[in-house]
Each structure stands twice: as C-alpha cells, then as structure tokens.
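Chain nomenclature is as follows: A, B, C and D, assigned in order of appearance, with residue numbering initiated at 1 for each chain independently.
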C-alpha cells in the first residue's frame, strides 16, 4: 500500500502548522489540592512540516491524545504530550491547545450556599529545538456597572454581564493554578457572578456592584495590576468584553504586556 | 444519464420534509413606506416527498430562490415562492423559512440623534392542498431591570441585555409590518436599547429603566397584552431571554396563544 | 425583605414555561453495563406559571440541579428531578432538557484499533398531572456518498460528513440505551466515521462507502425502518443533514412518525 | 453633567485597544467594475488609550461608522475611516475590522447556469503615527479529495467540503480585488463548489475532483505558489480546513510568509 503522504515534495514550501482540530476527548485535569477533575476537552494539535515532506500522518495525533485521555494532565504533562508528538512526527516544532470548562465551587455572599460555576480554560503549549512555552488561559464571567451611568443619573446605573479573559506565561517552574487565577480575575469586575443567589445574596451583589462601578478600561487596568503582583509572570494579555445592556453591541478593552 | 433520484422507492415511507438549508442570498424586503431594503437572507426550503419517490432534485430549490433574489418580497411573495416550489416539484406540501437582519432607524431619547439598529427577522410559510400559513417573526434586543433586585436593595438594581422574540400568524389579508411590530416589542422591556447614546441619552435610559423594573415573566405578559390588541392575530408565541448580569446563565419565559 | 416574585398577578395570563437555560454542570450518566460516565451537561429547565403568580424563584432550579449533579442519572432519574421541581415550585407542569457529549469506543474496521467518538445526546422530560413523557435523543456523525454522483460519473463519487439526529419516545418501562441506539444510527449512513484510521482502515471505509451510496432521503428511510423494528417506540423523529462537498449549503431530510 | 470617562487615570497603564464589536451595519462595497455591492457588515473598531485617560467615548465609534454606512468603501476608504477615528479620539493608533459576506456569480461547469455564491470576506486596517497597514481577507469553500484514499482504494476516494482562508497585505497602492482573489483561491482545491449543479455539472465536478486529489497540505502549498505570483504582496497567511468525511474532526494546514 503506497504511502502518498510520505512522498517527497518538490514545491520547496515548509508549512508552519499541519494538524487536527475540533477533537473532543474526556480529559483529567490535576487540581491544586492533589485531586483530579474530569472535564470535556477540545484539542487543536499540529506540527511543523518541512518543505520536503508532502504530508503528515494525522492519525498519530489522535493516537497520542487518546493515550493521554486516561491520565491527569497539567502544565508538565502538556510538555510531555508535545515531546511525544515531536518524536512521533520527527517534527522540528509542535503545538497543542486544550480548551475545557472547569468548575469551581463558590459560596454565595450572604447565604453562604455553595454552588459550582464553570469557567472556559485553556492549556496551550508550543515546543521547538530552542524552547518550550506554556500559556495558561481562563475566561471568567463578571458583572460590570457603568461609572458614567451612575454619575449622571439621579438613581440607578446600568449593569451587564461581561467576560474577562486572561492568557499568561510564567518563568521557570512556577505553577499558577486555575484555583488561584480564577478568583483573582473574578475580583476585578464590579462584582462576581454566581450560579445560585437567594434574595439576601442578591441584595449584597446589587449594592456591592453599585458601590464599585467599572468601565471595561478599569477592569483591564485593575487586572493588569493584579497580574503584575504575581512575580513569575513573563507575559500576559487581558481582555474584558462587556455585553452592554443599553446597546446591542459589545464594548471591550485589551492590553498585553511582556516580551513575546 | 440515468436519474437515480427519480427512481421509484419501495420502502413505503413518505418523508415530511426534504430540502436545503444554510443558503445565503441577497434579498430585497418590501418596506412599509413602499421602499425596499436590501438584506442578507438565509433560506431553509423543503418539500414533502411521497413514499414512492426516491429523491428530490435539490438544484431546483436554488433555481427558484435565485430568481426571487432579484425582486422585492414580503408576505404575498412568500406564498408565490411556495407555489412555484410546489409546482416545480409536483409536491403536496412545501415550506420556506427566510431569516434576515432588518435595520430600522431610531432616535436617541434626549439628543434625538438617529442611528440604525438591526433586528433578527423571519418570514416563514407553509403550503399544502388544504391551506397556506404565513408566520412573521422578530427578535428585538431590550433591557430588563430586575424588580426583586430593586425592591430589596438600598440602592441600585441589576440590569442586563435581553431578547424578546415573537412569532405570529394573522387572519386573511391583514399585513403586520416589521416597521410596526418591532417598536411594539421594544416598548415591552424595562427600556429600549440604542446603537448610539450620548450622556444625556444614557441618563434617560438609566432612570427610565430603573422606574420600570420587569422580570422576564412581566415582559412576556405585557407583550401578550400588546399582541392581543392587534385584532387580526390568530396565533402567536412570545419568548423573553434575559442574559442575567448576576449569573452566567439565561432566564427565560415563553407563552403561546391561539389555535395552531 | 419583600418578595416581589411572590406577588399576585392581575394580568390574567398563564405562562407556558418559565425557567433557566445555558446552565452547565458536571453530570454522571448511567451506562448500560452498570458503570457511570462523567459528562459535561447543559440544562434547560422550566415550570408552568399560573396566571395569578407574578414570578418564579429561579434559584430553586439551580438548587435542584446542583444536588442531582452528584449522582448518576438516566431515564428514571429525569422523572425524579421533574417531580422534585414540580413539588419545589408547586407547579402544574415542568420540563427539563439535558444535552451532553457522550463517548463510546469504536474499533477501526481493519486495524481493530480502539478509539472514542463523541455523540451529542439528549435526555428530555416533561411532566404534568396527566402524564410523563421522556424523549431520548442522539446525533451521530456519518458519511454519505451521493448515488447520483456515482451513477453519472465514469469514476469517483462525492462524499461528505453528515449528521443523523433521532428523537424518540418509548412506551412503559422499556429503556433504550445510548450504547444500543448510537450504533444502530451509525449503520444507516454510507459508512461510519472514526476518530482514528490507519491506511488499511481508510481503504475499507472508502470502498465500503462507494459500495453503499445514499441520499439523505435514503438515510432517513432506512433509519425509519430500523427504528420501527424496535417494538416499544411510540414516537420518533429522524433528521439527516448532509454538509455537501460540492455545495456551500446543507441538504436535509426529516421524517416523524407516531402520535405526539 | 460630569464626564467620568474623561477623568485622568493614575494607574499608569496604557491600553492597546479600547473599542466596540458586534456592530452590524449595511455597507456598500466598491466592486471591481465600478459598481457597488450592498452587504451586511460587522465591525470591530478600537483605539489605543494612553495611560492618563480613564476611558473612551464609545458612542463616537458608532457615529463614525454610521456616517460611513451611506457611501461605498474599499481599501482607501478604510484608511479614511481610521483617520477620522484617530482624529475624533485624538488617539495614537486605531484599528478597524469589517467582515461581510460577498457574493460573486459563478457559471456551472457543463450547463453554464449562473448562480451566486457567498464568500466570507475581511477588510482590516490599522493606523498609527508610523504607518498604515491594510489586510484583505477571504474564505472560500472548496472541495478536497483525499490522495491517500484514492491511492489505496480499488475504487472511490473520500471527499469533503473544506475552507480556504487567505489574509494578505500588499505594498503601495496596488489593489487586489475580491473579484480576482476569490477565483484564484477557488482554483486551489480538488475542485470548486457551486450553489447550483445539474447532473451534467455534477459529473464534471465529481470526475475533475477525482482527477485532482489534494491534501490540506497540497492546497496550502499551491495557494502559496499562486500568491507568490502576485508580485505586490508583502505578507500573507493561508489556512485550509477540511471537514473530513471519514472523521468527526477537522484537518488543517497553515502557512504564512513575509515580514509582519
């Protein structure tokens, strides 16, 4: 059976990334306390293809990922997966992106009732002969209450749901856990959101948000300050998107900092 | 060239709908004032297939729709399209759904500045030997401000963007224009949303919404009352979805009324 | 603290459904072999609201769902959840829809390699004084190869990915497991799809699909025949959507059968 | 009325981009032949915010875009819009992205029937004191037929719908029209796709695709060669995503070339 993907290519064009996407697999995420969360993972994985190779054997990606579906992963394991992929494909460089909904428990602010909220998280890695880079990401829902609306109105102030997304890279072996990053981000809005609120909780949320009005610009700046306080971070990006309640469009602010 | 779609089928199974979807075409919508709006249309069109026919000639759908892409459409033209389709396919029944973003101009409440807002609209028709039914639909963005949050809080009240969706059918030749339906629906929220608001406008929106708190249940009931006042409507459904600013989920209410 | 949702409403309008949507929670699904799959669930849950009640206490939905997030669910448990909801809300009727990606292992046809494929599944229930109805749903990816293209061409035939979606209700206590329904549906395309295929497998898939050309109409009719063979089913709907490789639109066929 | 957005900020943090997204407006696109296409535009527009300004007056974005909604745009006009925005905001830098479905007529390969196909297109610009950069983008649907499947199978070969996306920048005043770029991209797949195909056309498509098998890697390399032949291009990226008919995931290849 002739292997056409293994043919020599004469067009002289290397390809930055060849791979597969939209792969869903159960994944176990290592938790900060030593436990393990079973999540639904979505993968995007690729290798660099040298100019002389016609194609990649895509099934190998699925083989590697399937094997990893049965053991807990975190920062270190993403590197191991990438090294396996590089080796399996004899590739100079490889990339992997794993996105998943991660659940953390929250206590409602007055009733103290506990419920679980989901956060869209990201583990991304890229490896080459020169280096390995790991990027951690999280998107958390928050509430924003408009400072302008509060200032100019005799009463009330419009609020809305917003999303705060951070991507970051850290130096050396310093690990930032989602269990620590997510609450840090939730603290940057006018207030946090919760899955379950009794009336006593809703009063706290309403008044606290009114006491803490923030533009998307404010959320981004305060997040930058909070991330700077984490000494090991070498690069980050911050984006806040606010689904304005007075408009049918989205307001946003985006900042990044640190060497690529 | 043998036509396998035209073969006789022996499985004895009629199929309710056979057709095409995700067809994008420019469409001209007849406006209330006699003008014409050029919009981006998305079509879903199908016919009933009798048990003895193996397949449908899908390219005919595209032929009919392409021809109609060059002339203004409204209620009556949807019926003509369906009659053409029934005839082209010699089908007992046919259905068509056209969705499009429709723009209407709005004046901001204090500054009087004019801007255009987009609404997701629907023209749907189904025809058979027995009858023809036309359904008009519109989804309008609105603002909801929570009555509970206002009641229990010393100050402030959470608000958020919501969507109000109506589908309706009317008797006889009575035409309800989107130009009339959309403003009627926008009036049912705590307040309307606008593309462009100056500070003087934002003050009006903030205070007016605070003065008019509504649950999704309230929005739906008030919309039901408003629609009942339009005498010709024989059936309608109303749904309000509120993207809660204090939660990461959606609250909704749905009501329908009238014979199918 | 006054409870405005508990106020009496005078508008005289009952609301068919009031509830929450886009709620994500970890869920444990009971497997056929007695095991348990941990999946990411998305819930839509609602109750009927009588004309005299102004609002619903939405937080109770989250309370009930959160408690159920910690124990395995299947057909029977959906009924228990709905009974708890009816009781918690003193509602005449309640509805619940749980959608989730479910994984089943598949052996590649020649190499015998095992990998996991994900299927979009649905458990839906509705309960009232009169009755309880449970609907099971599954969407499976399949391959379709066009009979017309094969017939008229000297060589080759276009193929594409398609999706086959079934919803069904069965009588009495008869349980249809996803472990049985999914393979039955996968058998209705020109051929199945797999996460991982070696070249020996790809040869089998290619030739088998070419030997078994099917229109969406054929897929739907063959699925109807297969479902009819399951004696306990009282109602079903079948839809096949084919993402045509020769077009930029979708071809589809939809049939349903049995009393509502 | 105090203007809190105009306050001085003391956090010392400049923000890369502050703006609005998900803005829909009718747009007129200048056509190659001097005509004008009315399309549905979606805008993402932002400015850089210096460290000492607390916020941006988002309504100005909508003012500028609304005015431009009434006149034809192409490369040059994007620059004018950005200059207006920089001036209105007294900003050092500004960015704009306009995405829209653009329709071009195609003749079916045997019957010669004409129909319109939609392509997702992009005009993006960024301006600062130092320079102005314009990026043109287009995503075209194509068909890919797998070389491996053809090689190893006694008959048949799986095919599927794929998408080819190009982003490019050119030097000086050289304009590349969508009317020229789109057909160039459509020629890179195993074959083109069409809205409307009669049986005589479908035979041509089927056989031509079988005669021209391509991996996503092949499509990307051939596109790179085709773009290199356009002398004025200074940077481009090419991505081909193939919705594999034998899998439930996407295969892709991505290459870029030229200085940022």
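The rule is simple: a residue touches a chain if its C-beta (ideal position, glycine included) is under 8 Å from a C-beta of that chain, and two chains touch if they have at least 3 such contacts.
What you are looking at is a predicted structure, and each value in this text was computed from that prediction instead of being measured.
Student: Report back the single chain whose CA centre is most distant from the CA centre of subunit B.
Tutor: Measuring from the centre of subunit B, the most distant chain centre belongs to A.
Student: Please tell me the distance, in whole Å, between the geometric centres of subunit C and subunit D computed from their C-alpha atoms.
Tutor: That pair's centroid distance is 35 Å.
Student: Roughly how far is subunit A from subunit D, going centre to centre by Cα mean, in whole Å?
Tutor: Going by mean C-alpha positions, subunit A sits 26 Å from subunit D.
Student: Counting only residues that touch at least 2 other chains, which ones in subunit D make the list?
Tutor: 1, 3, 23, 118, 148, 152, 195, 197, 199, 203, 248-249
Student: With chains as vertices joined when they touch, what's the shape: line, ring, star, complete or other?
Tutor: complete
Student: So in the complex, the part of subunit D that touches subunit A is made up of which residues?
Tutor: 1-5, 9, 11, 13-23, 46, 49, 54-56, 58, 147-148, 151-152, 215-218, 220-222, 224-225, 241, 248-256
Student: So in the complex, the part of subunit C that touches subunit D is made up of which residues?
Tutor: 117-118, 141, 143, 145-146, 148-149, 152-161, 191, 193-195, 197, 199, 202-203, 205-207, 209-210, 243-249
Student: State the interface residues of subunit D toward subunit B in the complex, per the touch definition above.
Tutor: Touching subunit B: residues 1, 3, 23-26, 38-40, 59, 62-63, 66, 69, 101, 103, 113, 115-116, 118, 195-200, 203 of subunit D.
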